[in-house]
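Structure record follows, encoded as structure tokens.
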Amino acid sequence: MHLLAQATAELLPLPQIDWRAIAPELALAAAGVVLLMVVAFWPKAGRGVLAGLTLAGLAVAAGLTAWNWDLSRVAFEGAVSLDGITRYSRMVLLAVGALATLMVTQGDSREGEPDDTPPEVFPLLLFALLGMVLLAAASDLLVVFIALEILSLSLYVMAGSSRRQAAQEAAMKYFLLGAFSSAFLLYGIALCYGATGTTNLLGIARASADPTGDGTLLLAGIGLLAVGFCFKVSAVPFHMWTPDVYQGTPTPVAAFMAAATKVAGFAVFLRVFAGALGGLVVSWRPVIAAVAVLTMLVGAALAVVQTDLKRMLAYSSISHAGYLLVGVAAAATVPAGVSASMFYLLAYAFMVMGAFMVVQYVSRLGPPDDDAIRERSSLDDYRGLARRHPWAAGLLAVFMLALTGIPPLSGFWAKYYVFLAGIEAGLTWLVVVAVVSSVISAFFYLRVLVVAYLQEPVGDAEAAPGRTPVLGLALGLASLLTVAIGLAPEALVSAARTAERILG
Amino acid sequence: MRVGPGAYLLLSALLFGIGVTGVLIRRNAIVVFMCVELMLNAVNLSFITFAKTNGNLDGQVLAFFVMVVAAAEVVVGLGILVAIFRKRSSASVDDVNLLKG
Amino acid sequence: MLLTATLFAPLVGALLVAFVPADRAQPARWVALAASLATLGLGVVLAARFETGEAGFQLGMAADWVPAFGVSYRVGVDGVSLPLVLLTTVLTPLAIAGSWRMTDRPRSYLGLLLVLETAMLGVFVSLDLFLFYVFWEAVLVPAYFLIGSFGGQRRVYAAVKFFVYTLLGGLLMLVGIIALFWLHQKATGVPTFDYDTLRDFDKAPATQRWLFAAFFAAFAIKTPLWPLHTWLPDAYTEAPTTTTVLLAGVMSKLGVYGFLRFALPLFPDAAHWFQPALLTLAVVGILYCALVATVQRDFKTLVAYSSVSHLGFIVLGIFAFNVQGLQGGVFYMVAHGLVIGGLFFVIGMLEERRGTRRIDEFGGLQQAVPRMAAVMLVITLGSVALPGLIGFVGEFLTLLGAFLENRAAAVLAALGVILGAVYLLWAYQRMWHGPLEREENRALPDLTGREWAILGPLVAAIIVLGLFPRPVLDRVEPSAQRVVEQTQASSP
Amino acid sequence: MLLGQRLRRLAGWLATLAVAAAFVVALAAFLELLSHDAEGRSQILRGYEWFSSGDLRVAFDLRWDPLSALMALVVTGISGLIHLYSIGYMEHDERRQTFFAWLNLFVASMLVLVLAQNFLVMFLGWEGVGLCSYLLVGFWFNRRLLLVNPLGRLVEGEPDDTHEVWAPPAAKKAFLANRIGDIGFLLAMFLIFATVGSLDFDDVFGQATGLASGTATAIALLLFVACTGKSAQIPLYVWLPDAMAGPTPVSALIHAATMVTAGVFLVARTHAFFEVSGTAQTVVVVVGAATALLAALIAIGQDDIKKILAYSTVSQLGYMFIGVGLGPIGYAAGMFHLVTHAFFKAQLFLGAGSVMHGNDDDTDVKHFGGLRTAMPVTFWTTMLAWAAIIGVPLTAGFYSKDQVLAAAFEHGGIGRLAWVVGVLTAGLTAFYMSRYVFLTFFGERRWPEGRHPHESPPVMTAPLVVLGLGAVVAGFVLTTFTGEGGRFQQFLEPVLGAPEEHESLAAAFGLSAVATGVAAAGAVAAYLLYARQVDWLALRRRYASPWRALADRLYVDQAYELFTVTLGGALAAFLARTVDQRGIDGAVNGVAELVGSGARSGRRLQSGLVRSYALGVLGGAVLIVAFLVFRP
Amino acid sequence: MTRLLAATSAEQAELVVFVVLAPVAVVSALGMVLNRNAVYSALLLVVNFFCLAGFYVLLEAQFVAAVQVIVYAGAIMVLFLFVLMLLGIGNDEVLKETIRGQRPAAVLLTLGLLVALVGALLAGVFDAEPASLAQANAGGNVQAIGRILFTRYTFAFEAAGILLVVAAVGALVLGKRQP
């Protein structure tokens, strides 16, 4: 027996598993599996139960994150690294997950309609989150790729699982384009591997540092990596899926995508470009800067002419990706770039989720129609909202102004911090473009308020949205965070500062 | 005269390009998806080749993982396509454009 | 602490108003009025505690806000800002009283007015550039809703135009502020937005020009300077009249105050470098807008253009870089605030009575409402800067200051004085003189007690401060002197 | 001063008493002043500080010296009488108390003007009287008043012999003309402060002599611009005739006796600058002479009695400017003429007012005739004033005008020219004044049926008498002591300085003989034309076009109107409609439109087709990779 | 001597196999893209995968080659065919392009991509002397892969497990509850 153990040991040394490092991920995975079991063997379990379990899982994961808070190391032979980016994104992602869970629990189907998302959406949500935290923590391109696939597949399914036709179309577009772009990403990984002989970020950093060879192969790989990441964070010209998908998918899922995918995507963006490839910044900064300019302007400009709020939010999220790219462009040379981007992600996540929550609330107004191909999110549905649902309108105003970047709301500080980073990195011209873009974007954020506040309601009063306690809770949290971060950003800013040192 | 890694890499790039073209010009969703698979395999070829030039096995392991991922993708992808096809019996990617603008 | 109380009292009032049940308009009105009067009281105490003859900032208070960014909450008043603070606290209660009759969502309206007051006060008292910017942008929101949801026909267009236009300027200024902050941090390693610190740390002239340009964008749009003025007639005309009172009376001062408090002392060299350009813009604005005003058919629009023209004088005075100009500029701000407030109030009262503002709808009103006519005459003459009335002192000093600095500019601007008399007196003649031809104008009621309560103080101030301007001027002078010294170009 | 309805009847008396009191005080102060010797004759009353900025200090200081004393006496005296007159004249107006309030406000401002010790306080009064003139001219803001069509109902295609105008435009015109002048005053003050560093008279005049002549000229001319506005000289005289739209007492007080003479006073007060700059003096003399001649010409063509008197005023003011423009030699003469003119012109206006009062407010000489029996007092007093103005020897006008001309002649150079013009004008003056008198009081009755001309109440006639006598006596009284180095001149010397030498009696006599002769010729001509049975209307028709030229004020007003109203209005409209809305605002909105259109086209790319999206991805990838591989 | 001959012969063998397989791979890929019948496309793709498997063998990746044949050519492609048959969309597809300019754009951009990639490869490892995997593969390719798979790639391996779970759940969700 003992001998056998010895034999196997020398034949196949047992791997060192650093359980603690991945405790939160494990918790998420476990919760996901448990939920799967519940869904499978207790079909009559209400959404409340599932939501409760999900939240419990998230809470545990959050607790473990806190437990790991000042853990700072590279684990699993460089597969994952625990540093500021990891823990900050974990925190944000778990919070976003909780809000998304609440939204999903409420659902956006009116009384008398079947739920438009199956119960499996809860475990899928957890798995998606798992993929995202992994993505944020991954310090090996292979893990990046796998984590990306985990979250993408979960999201494809969450989108496609709705009975609405638009949702399935969205799922298909998202899937085909996602697979297409991940092939590019993969090719990028291959080229990086070919150029450096490893997929480990530390190794790549080391290899890219030494001047042997002109590194063209590596640069080509970087370019393709950028393509993959830009697609995930929906930067122009890889953005075109975004409006269709956000508009088509059920609002809770869209909100989750808009907030969480960005967090994870930019976390990895920062880790790879600002961290591992920081040495090559002179080569890739022009690319990122150019993409940023396109993203900011195109996103803002196209949002102006939208007539559907979900779609408009999609374009606005594109332009916000542009601002974040400013942070990324700055990050390689200016530490503030990293913390600015992380803080921006935090603020943005809650703003945009809040906005989508209002959308969800409004989409419940009006009579049930089971075979609607998509939800009611046209701007016309918001006419005179202030007269009939003053609270919803008020919250909408808060989120819109925050997205515009009006002080003292969270969005303002985020924007400010990114601008600061940009100027510190000597990218003032880029910041000026950002200013122009945010002026353009003011147009459409205001347009929403114009419709909600300054126009008279059309038709007779719609049916009440029914009781929406859970959604109300979610809205309360989101708005509270948006305002609170705006009034007292200190703690979260200094927390973001700790993310500036990137391990591997 | 012998076959250097360049040949394999060129071949891989060529296959990748063919896959890309396929995605762009085919309308049958399933064929489009097959083209994506072709792209992945082209990349795999690169991985294996690079594994040889680098003299380590990581490339082969990566290729293995890629196959796993591809398998998972196929399952989900085909699921989605089937679901869509159930709603309106066409597999043409051009027919799904409710969402635009 | 007192200052902080003054600053946030209206905000508290707004919250209280929000808690009044939706269907009860009257209590909301009283709460709002009480809040604004309380603010006025605090403002008066502030003025009483103010040390005349002191040049520096007084009654201030400082606390950390976001140390991570070097952002602090620092407020204080000096001779330049105190009169403007008082102006704000005086005009707001009047505006609230003026909107007493409003029946369309009075709660939200009054609440927004109070929020606007806090924001504008904040701009005047901030001594931290970041805090200043925060208040600067915060002004936009209530103003936007006031114009957009309570205004006239083209209110949405006007509101959005106003918002976007001003936001553009503000953001460019933000870039400037950040750059300044960063330069200072790079030079000294200390992250701070503190006004005095950033002013005293010396900057290369070339850099100054860029930064000045950034600040200029914000201030020139807000003031507004020609040719960035086109948002203003729309906004003033479309906004409900009592809002216009605050926009024209106080908000239009934010821009010039910004020049005076920030653009000049922070970037003296650049200020000198840009001086000719600014004087030119000011003069062009004075003449151009005066001419344009003469042919307006809507009296509100006419007054709006006159406001642009008058602000040109203030800019002229400020960019004279001498104590007469600056002191006169500040006094002119107060004068303009009171006078134009009165003008808009009277328009509002006429509109309440007749439902129109078109000049040709009136005529011979003096016969129907002699008291109103008399009040209007005083205000109008105050606006055309008749000696002995409030307008004159400011206009004289600003023009004198400009003359000492640049004679051509002053001479041209003086032509604007004539034009000012032209359009205002012509309008007065068309509306109040002549025969009472329109039937609907015959039965107009004269001023009510409430309206007396609004206009009385204004008229009194216009006359008293015209004959005894020193209470204001003496407090302004030392600080103005200080600004002049700070604006001395380091490299001639 | 706004008294309640109940006190309305008392208002007039109160106001009159107030002014009378002022007069008494002034008189007392005057006598007290005489008690001092020449040096002690300028006292300064310190008031509170108005405002201060930097080294600029402005206080409400008042100055009491011979010049201001003289003006103060004239102002309070004349206006006292006119207040009294107004009680009767405004009897039936329900806004009497307002009228008197403004009238008193005027007197107050006028006193501030003349008593000021520094430029800014003077400017306060300067603008104040302008304001009162605006208010009082526009007093009947809604009453129709008839302006006489100069050609009468005698030219084909003239349906009506009158057309209506409103007082408000006249008031506005007056105010604006004054405003233009005031800008000159303002700039003058700036220049003074810029060069001298103070606005106090003592400081300023103390240093005036040391000024560079260029600066002095600039200051002097700017001040003179103010004078042309206030005192209705070329080019700004056009407001005064229109200002006749106001109540007649106003015309008498403001537009004849006091306010319009403020310009003359200003030149006298600031003579220091003019003396440093010969150019400025020349300008003053030339403008004065030109105005005198032009106005006299136009006066001939007027049928509206108030207009005749208005142009006559303008013309007489020209005389005064000739006087004060000449320098030390003429100051006394100019001021002298100012005083005498105050008497007779006030009388003439009040007389005209009395005529209107008795003729249903008609102002057309064509509608009068033979009134001397109907209104004897008015007639006789007017004759006295008439004598004074045309310069019948021994009347006030004779002395003062004579002194002005003498001074001009003696001054030599430009003065000689001014003398010629002055003499010519004297003739014209005699002509049009006689025309006025003959057409109004002599000849056969031309007034329409149903009108019953009647004499005015004593409260109105009393002032007429006083002023009429004054018109005759004033000159005599003042001159008997004058002549060589007479009292009047000595009295003013502390302020205005002494002339160099005196003219010989013979020369003076010859000169006055010439002037008187020309005047007599003018009077006779008028008599032949208007007092005999000549059909002057027929003549007027025969020489229609030259007549119309005169009647239409030599088209000056039309020219101004074309320039300001038409062209200025067009420019303003162009700026407002085209430049502002299309140009600037168009650009602003254009930017927004640009974004919008760009977005709409960009929207078309968002076709909803997966394959085009994939194309986008591929395109981006190609660009990025290509850039990184083939790095520039 | 003999070893040398052997070596060269091995290289020659590699050359021969490559020269045979490469065209087949390219042609089958092109066929897959251009064939209007989806089923044929699938079959051609299978052919292509077999060729790739062949290359893997040449590149000393026997394990991956085997997986390629079993998993890919076997399982995955069968799944494809199964779905094609199930949905009955094996019938011919109209090849007429409907989006204007799509095809030329596609071809041009692809060529551009190829140019860029080839540029990168030429600048990079194009003619690098292939290192031998001999010592890496010591004790057999499968064992070697297994060793690093369970040491350095443990984490990725576990993550892949999660991925497969997700895929399974996804299939479940998408498959069930269709009306």
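The chains carry the letters A, B, C, D and E, assigned in the order they are written, with residues numbered from 1 in each.
In the analysis below, a residue touches a chain if its C-beta (ideal position, glycine included) is under 8 Å from a C-beta of that chain, and two chains touch if they have at least 3 such contacts.
Computed from a predicted structure; not experimentally measured.
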Touching chain C and also chain D, the following chains: A
Third chains touching both chain D and chain A: B, C, E
Taking each chain's C-alpha mean as its centre, the one farthest from chain B: D
Most widely separated chain from chain C, with each centre as the mean of CA atoms: E
Distance between chain centroids, defined by C-alpha means - chain B, chain E (Å): 8
Distance from chain E to chain C - Cα centre to Cα centre, in angstrom: 72
Between chain E and chain D, distance of the C-alpha-averaged centres to the nearest whole Å: 104
Chain centre separation in whole Å, for chain C relative to chain A (CA means): 44
For chain D, residues that touch 2 or more chains besides their own: 592, 603, 606-612, 614-615, 618-619, 621, 625, 629
Touching two or more other chains - residues of chain C: 164
Shared interface positions of chain B, touching two or more other chains: 9, 16, 19-20, 23-25, 27, 32-33, 49-50, 53-54, 56, 58, 65, 69, 72-73, 76, 79-81, 83, 93-94, 96-101
Pairwise chain contacts under the document criterion: A-B, A-C, A-D, A-E, B-D, B-E, C-D, D-E
Touching residues on chain C, where the partner in the complex is chain A: 65-69, 133-134, 137-138, 140-141, 144-145, 148-149, 155-156, 159-160, 163-164, 167-168, 171-172, 174-175, 178-179, 181-182
Contacting residues of chain A [partner chain D, same complex]: 172-173, 176-177, 180-181, 184, 216, 219-220, 222-224, 226-227, 230-231, 236-238, 240-241, 243-244, 283-284, 286-287, 291, 298, 301-302, 304-305, 440, 443
Touching residues on chain B, where the partner in the complex is chain E: 1-11, 13-22, 24-28, 30-31, 33-35, 37-38, 41, 44-45, 48-58, 60-61, 63-65, 67-76, 78-83, 85-86, 89, 91-92, 94
Sites on chain D touched by chain C in the complex: 49-54, 56, 120, 123-124, 126-128, 131, 134, 138, 141-142, 144, 166-169, 171-172, 175-176, 179-180, 183, 186-187, 189-191, 193-194, 568-569, 571-573, 575-577, 580, 584-585, 588, 592
Contact footprint of chain D on chain E as seen in their complex: 99, 102, 105-106, 109-110, 112-113, 115-117, 119-120, 123
